[in-house]
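Heads up, the next two complexes both have chain A, just with different partners, chain B and then chain C.
Entry: the complex of A and B
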């Protein structure tokens, strides 16, 4: 798939340049890459917000191709939910629960069923029921984000796209939101596609990581595979998770070999203990 | 030490029936220091920042900036010049069509003569390393560059203090590093006072002093070492801890006994190195 911005103008630029990839159903995929590398442009194709200039995208049996005229995208959008950056900016209803109902009702769900779903989803995202009938604008930033996410979940999508879902939240809120998506992925088999700058989150929660640079897909693989190519990532101006940064500093200082990447604190502590006791890092 | 901001007994609420967002807050900011304020969302940090440049005036207590009381409306222009604020969203703080116009806007507003403006414009863009972008359109810049332009606009007014209100939280990691580096230079080499409201604990451990806020009160105040000496309190109010402290604890559980002094990753690496060489 290729996407050309400002086609046939002096500003013509390939935002996506011959990208090919597969995302398995029920998986958790993270897209990483520098700002402007094409991550968001790529995911906007998956629910038909953008149409490719060439190539095609298949979501189940739904196919999006370049020149198709007036394609009805509603069936696609019912299957692929999209949580935009700062989704709380899009809340508009009088109450939190009405806001959550808006999505499913827009897809033809009855008011009674939408309310039922809204209650389920607000419970799922952990918003206490005392807030359900308040104006979404009286809620805190973290609570507003939960309402916005509940609104996408209430449509009952099979795939959910997250564009930097934790940006601007405090560390506690960030962790809660990530745990929520982790749970939805594991328990409800929701397919998750996340655009993120947080390497720690990408490493901890993903089955697959896609690395974008200048509109091209540069790497794809399991977190361990991706982050063991530390130098390649650094050359693209990307970081590695904090746990690896720390271990790099330690192995440098001790004059020891770098081991395989680790992402949790507990694994990191185990590795440090090994480094102190034996010396050679695990391979 | 010269105190440039003095907040005493400040309480504030947004609406009559609401609880106090700030509840009897007393603090001061010393000239030339880097002060970090940490606390979870809703702890009152940003409300406090708005009190410091007179965007809001507290119902109780007083805020004095460089000797001027924010209650006195005739001081407000001077206070706004003395206290520059960089907000979270880099896209919400532009007015000029070019970087140059944008930096000049603040100075024009404050009636700074043209000759001085030209000098200061060049100088402040140089300080944030954006001189090459003087004719660029702000919307074509990266988030980090936009925030640097915002900082240049403030620096041009020769303020006493720059307040960063989660100014790096919407940036990618590179943008975040750019801003911290820029501010460190301004702080260390040009003596600019910095007050940073932040969730970034790796940034906070590198400041001169930290204030911890919870439910509208300042619950702790001290050097990073003092603050993180009792991490339990921070955890109790829902704050995260720096990586070095979390790791130190896990290492102690694994029978590697470490002192409770390491704050930064470098501290911990050095301590582990020393430990290994004595093993």
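Entry: the complex of A and C
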């Protein structure tokens, strides 16, 4: 299965300007770009929340075109889940578990099956079962976020769109949430499309990175490829992961050549060890 | 999706924009009263001309205002037909089954439509040419005599400016929550009435929760910056009553005089 997104959207102020891209199923794609670059607008086309002004979007065999007026988007939305920015703002039910059931039951799943799914998903996101029957508004911000994410996962989508899933969480919570999506991507073959401002997350978890600026797709490729073009990124007001910043500073100090980009801490440690050994050999 | 012209503010440069909010508020208040003096063709034409002149002076494009009126077209049509079918008097013009249309009813209906139309145009013109802050400042100033009898005028004005300030924020929030729930399969736009009513709950609960939270945050932020109510408060923008405001008052007095004259003299 291939997804072809081909949205050309002169959307008011041309929020998206002739964007054309492909995301293969089972991949982890990150969208980076400055605030207002059209990232969120782009991903909202994928499950039909926004309609293109021209062009088309295909998700599997589902095609969204501007001409089609009324169209039943429910089957599409059952397949493409969307975790909004600060998703905890969408909670409304009396208990956490009921809120998680809301999605599946909207898509015609029976109450018993929905409860089963909800329990699975709440376990998956790491919410202890003693919180399941409490009001979502009595939970902490991080726990509410987990409930909201479980609510999207419980629909059993094939594709999940994440709009800054870790914004406003503590570092520990951020890591847990990212690990969860990484696991879902690797083990359950869930296609993940993530909008993020965190270059470290984008580099660490993605197969593909898309760079947006002023409604246009400026770059796309593997993380190594994107983050090697450091100057281009800086020109767009974007950064590179901290591991790279650190290594650049180090190579600068030692007066050595810049190396290939690395993103994980252990790779960085290896590189540092190499550099120091190499540096020592020069003396 | 929320395309409302009524209540919007269009920042521009024009004589109407430059008027003191107090003179505009008084004018609109007077206008809404004197509109009810008009019970003849001549008086209604005067009202329409006054509105047209106001729109021209404000430099806001006529089509823009008409676009705003479209949203209340249903109300206007409803009133028109209600009056047309259910009042009587004068010559019988048309008789279709149980519907009888009389001449006076037709004239009355047209007058009522004009009345609604000019009232809405004038109040829209007020909000289009006056920023919400100016309006509340003007209100507070005009109502300040009531402070003597211990009416909380300042608090009232503050409440008004806060609610006006948060309308766009809440609309944005609503749109976001609609999208978030739609992504979870909730459907606000189709299905039976019962299902649609049910779909409102997942929208309203988060909206209220966030509104309460915002209110709490705002109160905290205001207190942190030393807000302590009305007494001893100074303003950044002082209201200034200019010559043009006096002229505006004259125009309103003239309009009232004309309408009274037309009514008393009993012209058509």
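Just so we're on the same page, the second predicted complex is superposed on the first by the 266 of 283 C-alpha atoms of A that agree within 3 Å, B and C clash if a C-alpha of one lies under 4 Å from a C-alpha of the other, contacts with A are read in each partner's own complex, and residues count from 1 in each chain.
Here is the rule we use: a contact is a pair of C-beta atoms (placed from the backbone, for glycine too) under 8 Å apart; a residue touches a chain by one contact, two chains touch by 3 or more.
For clarity, every value in this text was computed on a predicted model and none was experimentally measured.
By the touch criterion defined above, A:20 reaches neither chain B nor chain C.
For chain A, the partner that touches more of its residues is B, with chain B and chain C as the two candidates.
Contacts of A:137 after superposition: chain C is touched, whereas chain B is not reached. Applying the stated contact rule after C-alpha superposition, one finds that A:103 touches chain C and leaves chain B untouched.
Look at A:187: by the touch rule set out above, it reaches neither chain B nor chain C. Judged by the touch definition given at the top, the superposed model places A:231 against neither chain B nor chain C.
Within the superposed three-chain model, A:90 lies in touch with chain C and out of touch with chain B [touch as defined at top].
Considering their complex, residues 34-36, 140-142, 167-173, 197, 199, 237, 239, 242-243, 245-246, 249-250, 253-254, 265-266, 268-270, 272-273, 275-276 of chain A touch chain B. Residues of chain B that touch chain A in their complex: 40-42, 88, 142-143, 166, 169-170, 172-175, 199, 201, 238-240, 243-244, 246-247, 250-251, 253-256, 265-266, 268-270, 272-273, 275-276, 279. Contact residues on chain C toward chain A in their complex (touch as defined above): 173, 176-177, 179-187, 190, 201-202, 205-206, 209-210. Residues of chain A that touch chain C in their complex: 44, 47, 49, 70, 74, 77-78, 81-82, 84, 87, 89-92, 102-103, 106-107, 137, 151-152, 155.
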